[in-house]
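These are the structures in question, set out in turn.
You will see two complexes here that share subunit A, one where it goes with subunit B and one where it goes with subunit C.
And now, the complex of A and B:
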């Protein structure tokens, strides 16, 4: 991108070349494709009526007010936030030590960790949810259908994002060498983790935590399978569509909630990009291997 | 008081004997270089002294204390790594303070000691910079300061100059030596560069296949390598494989020396380029000058000769002024003083 900007400065007076026009059309098309649905949802959430015309007949904030004074909506947002936060915290607590251990002490467990990090992509969440139900039925029947089990389920499907982010940060920081150096300096394991490891993988932990949070925030299938009693924003949205019986404003309120949901996830994505300084592509599995191969 | 004793140290990784019964005594205040090609076990040995590797068998003593089973953080060591391994989140000053802070030394003492070390490694102007804001040489000096901060009994250096470019390398090498002699700490210096090892160390231990082949002072090692491997690895040497005839190894009129013990058929003769006497008229073995390489004060002649019915090449070094007399293609005569020829059985 930088290179294009630099050359275009000197070429501002040149006639537009076909390639440049093609690029512009592509960009506008892509931008429209992504934003138009969101604009439509937003307009719908503030429309009095929207029937025959291309734009709504009139505008109002009533739907937003009624949606966010509705106890069900507030409750859904509350439990979604708690669920997503606990998921991220649980994942950080489990994955960071595991990633550290697999790098510094026992590289052999890497295979196991990386294999399990692929499972959430190979299996539908529904299947994982049922598996977890079966398993909890054997080991802890009391947990079935409860919030804690849901946190565990979400932690299980969200952890690969955190693992890749943290593992990448550890590779970038050369955490094995830093640990050894800190050990040779006389540091105890606790001192090494607190003063050397964590400060140097912070961007990875923050990024991974945000991704785990976002995964849990928008997840629907597993909440449905594992904990029917838990009422999250996606569940509320699904119910709003399912139970629609012609009352006015139901879909407008849904649009308002969807909009907020989108803003939250968009803000999280923006934060992820920010914390990775535009190198988000490195979070993809295998990206590091390709990079190393290119350097070598 | 703080020498290092390695007694029968052996380390086995799977089927590989990375260290094979290594015995070495290092006197207090002495710097010993572990020299050898990659995979010879020199780094494993250093890491064993640091406690980063546990030997399969054998004992390691520091200052007479058995530390074989002591964890790294409780050993009286300081370590410098090839990759610097400075903490990127801490400044130069904080990096040097780290070993003192983890030992819970009082703040005033830490400050005084760090100031002293910054002075010692000449990093006072860079004290508040972060590792990514200093040059490679400065980073490694910071690592040296950090390693020395807790006044360790032993300083361990793992190829500390390998990541640096040539000019910085020699300067930092001399700097490390100066600092080590100033603080009088015992030191173990791992390198694969023979000139580095000979320049910096009191003694050099040549390692190969997990064993120490020879331990000697640099001049002794240079003059009289004890094994075939030492001879190949140390000094830039000519090696010619020659037949053993009547218990003697002969290169035409160049030299005639007794065959080494154990050699029945063929032997390798080692001799240094600077020991080859070249004349255009005198007696000796005939050789043809192929190429002249100007190296500054000396010039290296690439010579082609016939040995045992086959062509062989070797080098001769001479002062550049004398080399002016010879042009490529010249027919020359070479001689080597028998005292300068080392022979070993062909392995």
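And now, the complex of A and C:
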């Protein structure tokens, strides 16, 4: 990507860009489209009453206070955080060893893992969740509807993000040579992993962990299908939307919760960009190849 | 991390010690660290898929195609399949029309502006599900911000019903366009600026350049992006559930919403109906993703 972004300076020829006015209109339109909903949610969360005018009639922090002193909301954020954290931890624990071993010992692991990583990309989470519900009903009925089953489900749909991030970090660090060198120096496998591999792939693990966390944090379909009893933020919001019938404050409290939810996701994506050193997160399976070939 | 000493290769070990114990150790040496991940994948992705497909062919009397006939014979399910496909196609096409020029322009921006747009797109791409459904209502609902603004300046504006096809399309685009742009920006680097200079030297117009050089080069990537957005759009549940919420029965019929309803109101066909609709989604999504992979492999062959 870097090689091509350098545009030729000082050329008399026309650069390859369409008319500036059309361009400006399109980007202003896109900017409005992306920011207006965020502004609307924010204003609703601090509006006293807002039913007729361009801007709210007055401003207040009451909705924030009443939303975040509500036991149901606090509980929902609590269980969402625990769920997302456990998902990220479980993913790191199972993905890092597999990715490492596929690079240093057994390349066949990569073939299987990359095929599996395509599943959560193709299949809707609703379908995976429903399948997991039916499967657990046959294999382990005791687990049906439980929190641990939900963690397993979320870990399964989030693992590709972590795998690609970790695998990319291993490629960038040249982990094969590093671990060979460490072996030649007489390091034990545990020592190599702890003192050579992990420090070198830390940005990848952090990025991937954040992506897994974010995937779980906003996920709705699977929580609703697998675990009826688990009350996360998306479930709370969905119920609030469904039961809304014009009563004052309900819409505003929903706005405050949505705002916090949004701030968390914003912080996560900012952290991902930071740890990823300004590169875009490449979700496209196969996009990595484009980049590699381009540089080569 | 592993029982096998790293300085002894599995092959050497097998040569030195034969027998079943050594075989097992060799196998473990090759696979042990990957086993937890493979177990997770088989339990939570492969097993469920197999069970779903199997369930649609089995009822109390054994193997049957009867369930498929009954579910696909219901007009509401036919309507759901057609609407889901239409929504996927419209959504992906609109994304392509807006996203492709945006991706091209952003890829040619100076570093600072590009970082700003990538940041904004990253944020929007992450803002999906129920939160986005609410944000849509706060913007274009009956007392949404944009609705109020347009009415305040005197326009007789009536927003589309939140559970209508158009409303879903607008809400879907909010995450689809950023995803498409982020996914196709790397491919935009393939078109070199010198090619345009060369084309100009041969006195080609901008239109001729795109028609003969730019689009033929980029089209496999753009089509691949279209397929990916199509696949994801037909599987969206959270946004649709949130937007369909307030109008209950009058909501547009979608495969995902039908699955959700079938699961929650366990009447008549219940899980079997949900399973068949889930398998329909699986088939559409798999076909789309396989086409995508083939396309991408072809596209990459030339580079």
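The rule we apply is simple: the second predicted complex is superposed on the first by the 261 of 296 C-alpha atoms of A that agree within 3 Å, B and C clash if a C-alpha of one lies under 4 Å from a C-alpha of the other, contacts with A are read in each partner's own complex, and residues count from 1 in each chain.
Definition applied: contacts are C-beta pairs under 8 Å (C-beta built on N, C-alpha and C of every residue); 3 or more make two chains touch, one makes a residue touch a chain.
Computed from a prediction, not measured in an experiment: that's the story for all the values here.
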(request) Tell me which partner A:183 touches in the superposition: subunit B (first), subunit C (second), both or neither. (result) both
(message) Going by the contact rule set out at the top, does A:61 touch subunit B (first), subunit C (second), both, or neither?
(response) neither
(request) Identify the partner contact of A:263: answer first if only subunit B is touched, second if only subunit C is, both if each is, neither if none is. (result) neither
(message) Output check: A:28 vs subunit B and subunit C. Expected answer is one of first, second, both, neither. What do you get?
(response) neither
(message) Applying the document's definition of touch, where does A:120 land relative to subunit B and subunit C: first, second, both, or neither?
(response) second
(message) Looking at A:72 after the superposition, I want to know if it touches subunit B, subunit C, both of them or none. Which is it: first, second, both, neither?
(response) neither
(message) After superposing on the shared chain, does subunit C or subunit B touch more subunit A residues?
(response) C
(message) Touch test for A:95: subunit B only (first), subunit C only (second), both, or neither?
(response) second
(message) Just to be sure I read the superposition right, which of the two partners does A:224 touch: subunit B = first, subunit C = second, or both, or neither?
(response) second
(message) In the overlaid three-chain picture, which partner chain does A:199 touch, first (subunit B) or second (subunit C), both, or neither?
(response) first
(request) Enumerate the residues of subunit A that count as touching subunit B in its complex and touching subunit C in the other. (result) 183, 188
(message) If we count contacts the way the header does, which residues on subunit C are in touch with subunit A in the complex?
(response) 1-2, 6-7, 10, 29-34, 36-38, 40-41, 43-49, 51-52, 55, 98, 101-102, 105, 107-108, 111, 114-115, 118-124, 126-139, 143-146, 148-149, 152-153, 173-174, 177-179, 182-193, 196-197, 200, 206, 209, 221, 224-225, 228, 231, 234-238, 241-242, 245-246, 256, 259-260, 263, 271, 274-275, 278, 281-282, 285-286, 288-289, 293, 296-297, 300, 303
(message) Which residues of subunit B touch subunit A once you look at their complex with the stated criterion?
(response) 50, 52, 71-74, 77-79, 81, 83, 85-89, 98-99, 102-103, 146-147, 149-150, 156
(request) Spell out the residues on subunit A that touch subunit C in their complex, using ranges where they run on. (result) 1, 3-5, 7-8, 11, 13-18, 23, 26-27, 30-31, 33-41, 43-44, 50-54, 90, 93-95, 97-98, 100-102, 105-106, 108-109, 112-113, 116, 118-128, 130-132, 134-135, 138-139, 152-153, 155-156, 159, 183, 188-190, 192-193, 214, 218-221, 224-225, 234, 237-238, 241-242, 244, 251, 254-255, 258, 261-262, 265-266, 268-270, 272-273, 278, 280-287, 289-291, 293-294
(request) Enumerate the contact residues on subunit A facing subunit B in the complex. (result) 173-174, 177-178, 180-188, 191, 195-196, 199-200
